[in-house]
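Presented sequentially are two complexes of chain A, the first with chain B as partner and the second with chain C.
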Partner chain A sequence: MKRVKLLKLATLGFAAASALAAGVGAVDTPPSIASPAPSAQAALAPQFQIVAMRRITEAQYRNTIADIFGPDVRVAGRFEPVVRPAHELIASGAREASISPAGLEQFDAMARGVAAQVFDESRRSQFAECQPADATKADADCAGKVLAPLGRLLFRRPLSAGERDFYVKLAGDSAGQTGSFYKGLELSLSAMLDSPNFLYVVETAEPDPANPGALRLDNYTRATRLGFMLWNSTPNEALLQAAQQGKLTDDAALAVIAGRMVNSPRFEQGLRAFFSDMLLFEKFDELAKDPVIYPYFNQDVAKALPEQTLRTITAHLLGKGGDYRALFTTPNTFMTRSLGPLYQVPVHKSAGWEPYQFAAGDDRAGLLGQAGFLSIYSHSGRSSPTLRGRAIRELLMCQPVPNPPGNVNFTAVQDVHNKATPTARSRLTAHSTDEVCAGCHKITDPVGLSLERFDGIGAFRAAENDTPIDSSGILDGMHFEGADGLGKTLASSPDTTQCVSSRALQYATGLGSEDVSPWVEALDKQFAASGYGIRALFLKVATMPATWQVKAAPLDQGATKISYAGQRR
Partner chain B sequence: MMRIATTTATLAALLAIGPMTGGRQPLASPAEGETALAKLPAPPANGEMGFVVTHFVQPVIQGPDACPQGTTPKLRDAYLARQTPEERTRLLLKENETELTRSWQSDVIGPNGTNICSQPDLFENRTPLRTVQSKMAWGMDLDGGGRGRADSCEHETFQTPTGDQGIDNQEYRVMGCTLEWRGVDGIAGDQEVGMRQFMVSGEWTQVILLRGVNSLVRDDNVEVIYANTPDRPTVDSMGKFLPGASFSVSDKPPRNRNVLRGRIENGVLTTDATDVKLTQTWGQGGARDIRGNRTKYDFRSARLRLAFQPDGSATGMLAGYRPVFDVIQSPALGGIGSAVVAGIDCAATLSTLRKYADGIRDPKTGKCTGVSSAVRIQALPAFVNDPNTATRTAAR
Partner chain C sequence: MGYEISRRTALRGVVNGAAVAVGVPLLDAFLDGNGEAMAAPTATGGVAAVPVRFGTWFWGLGVNPNRWFPSKVGPGYDLKPELAPIKDYQNKINVYGNFNVPLDGAPNLPHASGGPAIRTGRALTAERGLPGESFDVTIGDLIGTRTRFRSLEMSSSGDPRNSLSGRGGGNLNPSEVSASALYTRIFGTGFKDPNSATFTPDPQVMARRSVLSAVTEQRQSLERAVGAADRQKLDQYYTSVRQLENQLDVQLTKPEPLQSCVVPRSVADLPVNAEIEHVILNHQLMTQLLVMALACDQTRIFNMMFNNGASSLTRIGSTITHHQLTHEEVLDNRLGYQPNATYFLTKIMEAWVGFVAALDGIKEGSRTLLDNTLVLAHSETEFAKFHTIDNIPIMTAGSAGGRMKTGIYVDGAGTPVSRVGLTLQQVMGVSLDRWGSKSMETSKSIGEVVA
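Up next is the complex of A and B:
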């Protein structure tokens, strides 16, 4: 009986918390909770205005739960993905990401699971410093002492008095009906985890004293941005305190704090998230290869491929403090037993990763010689110079390539057994005789064909259909040979460093490439001055005024009102 | 970073002079597996070659002349054969099936929970197994023509289909007419299929590491590490081994790191006689750990012969003497199930093996306690780490 009541209450709490905060700036009170209950809506001071909302990603959700409640608290459920806008980052897509009813159900299930673990008997003492007078009854004083600090960590700012009262009342109502103080806390916590104040980063701005009439992001928003940008997790206690003390709008203090963050070991987690976004690593989630054509491909390999690339990146850029450009030429990487056969190299350790160095001049050097890049930019049964060339243009050089028209005849490139066109080069040559196709293929194929000595899973091959592979390539007028030559050409291209500079700024702000373009050239110059060090780039991004300026109009100026049912009115 | 260059030459056609097992997949023995010198892989630059063993199974030569009376009867059939024709007919009636089952099974179950496979010595005077009658067997001449040396006993010898004489393989003589080994004529028996599955599962992965290889044509001094590894092999979706994987020789007991000395002549490595011990693991989920009951291959005075193939693989044989009980290790561990389900007469098998024992002479009794044996080996290039020397090697 109590279970039924709790479920009803939980549903009410979930609906209330979600709906109350859904519009954040302008929300109607849902009719079903039109009682004089306290509101969960943050009371913003008049000078603060909401300027953006960004949905947190799955990784950010998981990292946040681990940071606040401990890594042993399990998050079980399916996350509705944030949709990536064409040619942009997921971080940009997060600004426009909504949550469907089905997605919200998943978030609610996860929230209940997390809350149940947090307040189970084995853990509750870590989060509940006070003891209720009677564990079978409500205790508003103790509930407030438990929920307010958790709310501050989850919403990344202190709870308003209204919010505090709301969650305390929710806990009290539940405790009364379930006969358990802790069940009340559990319900309240799950309501917080369902709240848009948690699922979205609500960015607020304040008048910029240096630019009268303009806005700048406020301290708590800055703390959140720093946390997610540099560590891919919620701001920690130190950041929240810095925000409370107003340090994050002080340039000197901000530089010290950001400098500490980029030099922290936790920056690796942030950098992994950045490059996973920049290099479209979500593609690994759907990576599938024909096991008959590629016997070396299996689930262990699929799992290891993105990790190999991320380890290569972080070891080079952070471990060695290496030049970003050398990512395209570095002979150093990491291996596991599962990857060894694909690369046909020895691996000492039976389990785990170990460093590996390719010989000088080996075509494997650099990120583009790695099976991760080569396999995701291939088809399930054949390589694709076009996909690879396009990925290099778009992801590494920030040069968008148009999609092919809908009526393309792909027969020539798909017929891999035609003796007249035994290699991808010959097939693409035949395909590109169509002038409609030739325009784009000129952009992509001369680049991608240099990687043809690696098949659709990135395994080395010298020939295709018994015909030796020509791996010569051309990029922006530069002729080169193989992946090694491509890597060197990219390393010398100014487009690659400008691209990563642009991506870093987009990643921090959630803005699109066009929006950040006015600052990219200057940022790239400072990147160059640092020797193309990634820490220096992110430190610069974290401290440059453009990161904290507000371009967009506040969301609540004539904002859409969202009803309880979520329907626009 | 040590790599051994291997040839990219096309796979030489393996001569198949009569299928060794099953007939579905003719496999080369060392003799017929020899590679023309011109097609031999280049010797490794660093003198090291690594292999993972993909096939390790006793070879069977199919054909009607090996077991003209058919395979050795199963326990139920053997019980029936001992009955009068009238009684046999009666027992085979459907309504007497329960009686028949109770009768033949009571014949293999002893007092106090004993049974014919767990305690075979308690069951005496069993009918011997049918033995191989043909003159053909794969194997090696371990004792100089079967005349019996100080440590072996006189016996008949076989010859190989390729003409080698004086072949010692008493294990095959005894076991070669069992259904488990021979299968239905022309189709591989359980032994072939089961051993292949064991290898693929990684329950007893074996690796071979050659050191000091300067030439595949002639090299008089090669060190051979023949060992087990806990690492499971890399196989494709069809369960086929893939070359180029890495393995580490076990650094935990039982290590089974056998160090052999050998020489290469015309693309064939042959090692001196020495004892070789390798892990056997019977079935998963057994009593001791997830990989099942663990026993040991114990080859005495064993020799390894490997013929290098143009594609970098190797094919060959391990031959030596095995203690007779080791041959029935698997059904003995299976206990009553081996008898009443698989119908194996462990006591008869053991007594027949003792009768034909030709090696491991007991100095006290003067009797031979082991049988000559041969195991066919196929191996693919692999990177083999030997923690003893922290080296690794493979063909590519």
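Up next is the complex of A and C:
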């Protein structure tokens, strides 16, 4: 058995054979598979393979740098965006995202900026415990002591002996070139920050002892998933230690650790990232409204809108431990000075946020009565029941709405000044007389029309073109009135809770909706059993086997199996 | 109302709003008497050869076909009202009509299918990214590897995702949206004036170069353990690393002097949004910077997006965007077109002419920068009201250093649009005899424009 594995490695004929040989005796293989005799270790090392590479997002990059080096280290640069697949999360897009030359140029600039700050005179003592014998020369011993711990934090796993030597040598060579020990460290650190091991979350799998022949994600990969899923940041010291001790493949220990994480204040950062992804908050970056039509809209308002929604979500789901469904009906939100005029409510504080509660029966209740949602799903100069209805279907109920066909004739939609069709309802009715269009519009418009009492930036109005607005709506056969009625209808729909359950699982795994669908119903039931608490949902996702299993099929496609030590150099 | 740019205005005024005239040195020492040799792409003998460049210029939402496309095929084509702005440059511009985009059953995703089809020769199947490598990238792999930037992408109406350039899949070269950021990127740290008398390699650059070599050395350890999809991502990553290494190598080599290179002054921060006035100004500023980036040989490949496919251009005080107008504005029976939507088209054509004029305003030997460049300009739809993607308006400007005939209207007679991409790649020296996939696969280049 031992022989067979060794032979298999040999027959692969690596050019990196020498590196492999050096790595075989490495001391950094996890203790769970450690062996007393180094020579036997290669044979005992399980076969690892990379099962996914997920590009870290801008927020994850920034959080990681702040967590490792301190929030005062600036990250200056433009991030190559991760493309969102249609109807999916950016978290899924990250699995497919490559890095273009322009993107890498920016990452390299950021890496140099970060590395220069870390080893400048004011900060270097925080990261370099040892002093070089001569600050103008290389010092391999001290460089290793500085770089190995940083590499472990940045790559989210210990450096192999080969990697450690590599970065120490790079620091030494650069120290020689520049005549500065710290310059050498700086360059070596920027090489780490440029490395795919940092820019991608490299997920690796190992044989699953419980399922012979199958694979499961290994401990360090689990630590990283937990970190990014629950806190949207790199795994901290405690998680890396848990991984080292093999705790994260132990169901009981995993549940304790994940439970601690969802109850930590840092879970709020994770939850914000999750909802920003689920609700397509990148749209706020492009939000533009016509200043002549909407004098209440300005850059302060644009900045406050996503924040208001996120505060509402986190205060309700975390602060109160509230029921997810009540997000669509809650009268509680937060106001800041710039939003006062838009909402026509008094705001007492001149700066910052204050809680605000809408009166019972106010049409503003719930997320959908908030100007954030209402304004991104509008045109720049007027509201759009179609866009709003489509967003509700797609984002909150996970029901993709087809695109309009290519040859659609929009002639039936008349301009807003046509006296025969003063309201959006009348214009859309005219448009929907075309049967081709009606097919989709009847999915979206009856939902979105209930929000028509809010204009293109979400300000209240009772009439459009002097014609009173009818805000009745229909969703899956249920008739209701206004945003309030829509919120109650959504709160009672099983699709909304299944949707968030599915999104949570997609977010954790980076898989698409189809891939996670077999588990969603069961997950939603457990979500229900918890009273639809968001902590319970994420805890469940973090502890369910599906999150840590590796689908068998794609693994055998072209993947070369290799030992842990070899893969890690 | 167009904006006219002479050589001198190109070098002052608009940039930084400061009326500082910049001297234009004519370095006769680098001309061989008539300047011809300089313009030749393969000049030898230690004198800097003027390079040939390739770029694209995109606008969203097409044209009113019967007011734009010429009727007369060949040289001396007629100019309909909407194409009339190009009048002064007609002899340097080709127009291409009646080229089709067969999708082989893939849906015509409104405003998303047309652009990628022209750039990749493939049908888009999902509303994201590109269905394959865009051919500016293919050309860039050939001619763009020895400049500081492999390519420059710009979007004058904002949104870094507004781009049609990339290697396909999840890769899209993000666009620069701010003129001041573009300035910093090109002419900020790392820029070496080719006309500067002294040159000292920057030790920082040398050190960065070694960092990147280090990153590359670790390639095998990762590649051995990945599956096919991740391997592709890694390949793209390392392609990017090589590109960056090339850029640094260039910075470590003393550049050859370039007579047309005049370093522009910095650019103030301006609002970036979809209001047409801002877009026009942003486009002007970016054009000035790009022209000098080309003249100073910082890049040989560029992609300019004037607006986006489903154009969000708007006018202050209007309730409606360009895109909505194309669908919702009533066809004026008397005029026969949509006047408000057409307003934006007029502005777009003026911007295009301004772009061409800026390139043509730079002399390189006996030719101009435009002559030494090949620019593909196109939209993503023919007539936006109906999302039609056959007969998408396409133009080329410049002759790629004399390799293209110009001043011609080509009637594609319903053949696939990939013929344009094939022809331009061949002209730029890419060695290929067929291009595109399925019904867009073609081996028939457009002979009438090849010199």
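Going forward, the second predicted complex is superposed on the first by the 500 of 569 C-alpha atoms of A that agree within 3 Å, B and C clash if a C-alpha of one lies under 4 Å from a C-alpha of the other, contacts with A are read in each partner's own complex, and residues count from 1 in each chain.
Simple rule for what comes next: a contact is a pair of C-beta atoms (placed from the backbone, for glycine too) under 8 Å apart; a residue touches a chain by one contact, two chains touch by 3 or more.
Fair warning: this is a prediction, and the values are worked out from it, not measured in the lab.
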Of the two partners chain B and chain C, indicate the one touching more residues belonging to chain A.
-> C
Is A:M110 touching the first partner chain B, the second partner chain C, both, or neither of them?
-> neither
Which partner does A:Q357 contact after superposing on A: first (chain B), second (chain C), both, neither?
-> first
Using the touch definition from the top, say if A:P346 reaches chain B (first), chain C (second), both or neither.
-> first
Which of the two partners, first being chain B and second being chain C, lies in contact with A:L154: first, second, both, or neither?
-> neither
Is A:V292 contacted by the first partner chain B, the second partner chain C, both or neither?
-> both
Which of the two partners, first being chain B and second being chain C, lies in contact with A:Q49: first, second, both, or neither?
-> second
Of the two partner chains, chain B (first) and chain C (second), which one does A:R78 touch, if any: first, second, both, or neither?
-> second
Between chain B (first) and chain C (second), which does A:L185 come into contact with in this model arrangement: first, second, both, or neither?
-> neither
Return the residues of chain A at which the contacts from chain B and from chain C coincide.
-> 291-292
Chain A - residues contacting chain C, complex | 12, 14-16, 19, 48-53, 78, 80-86, 93, 96-105, 108, 112, 162-163, 166, 170, 173-174, 177-178, 183, 187-188, 190-191, 194-197, 199-200, 202, 204, 286, 288, 290-293, 379-382, 403-411, 413-416, 554-555, 557-562, 566-569
Using the touch definition up top, name the residues of chain B that touch chain A in the complex.
-> 1-3, 230-231, 234, 236-237, 240, 242-246, 248, 383, 385, 392-394, 396
Tell me, which parts of chain C touch chain A in their complex?
-> 107-110, 113, 126-129, 149-151, 153, 158-161, 166-167, 169-174, 181, 203, 206-208, 210-212, 214-215, 217-218, 220-222, 224-234, 236-237, 239-241, 243-244, 247, 273-275, 312, 314, 316-321, 324, 327-331, 385-389
Seen from chain A, its contact residues with chain B in the complex are 291-292, 295-296, 298, 337-338, 340-341, 344-350, 357, 359
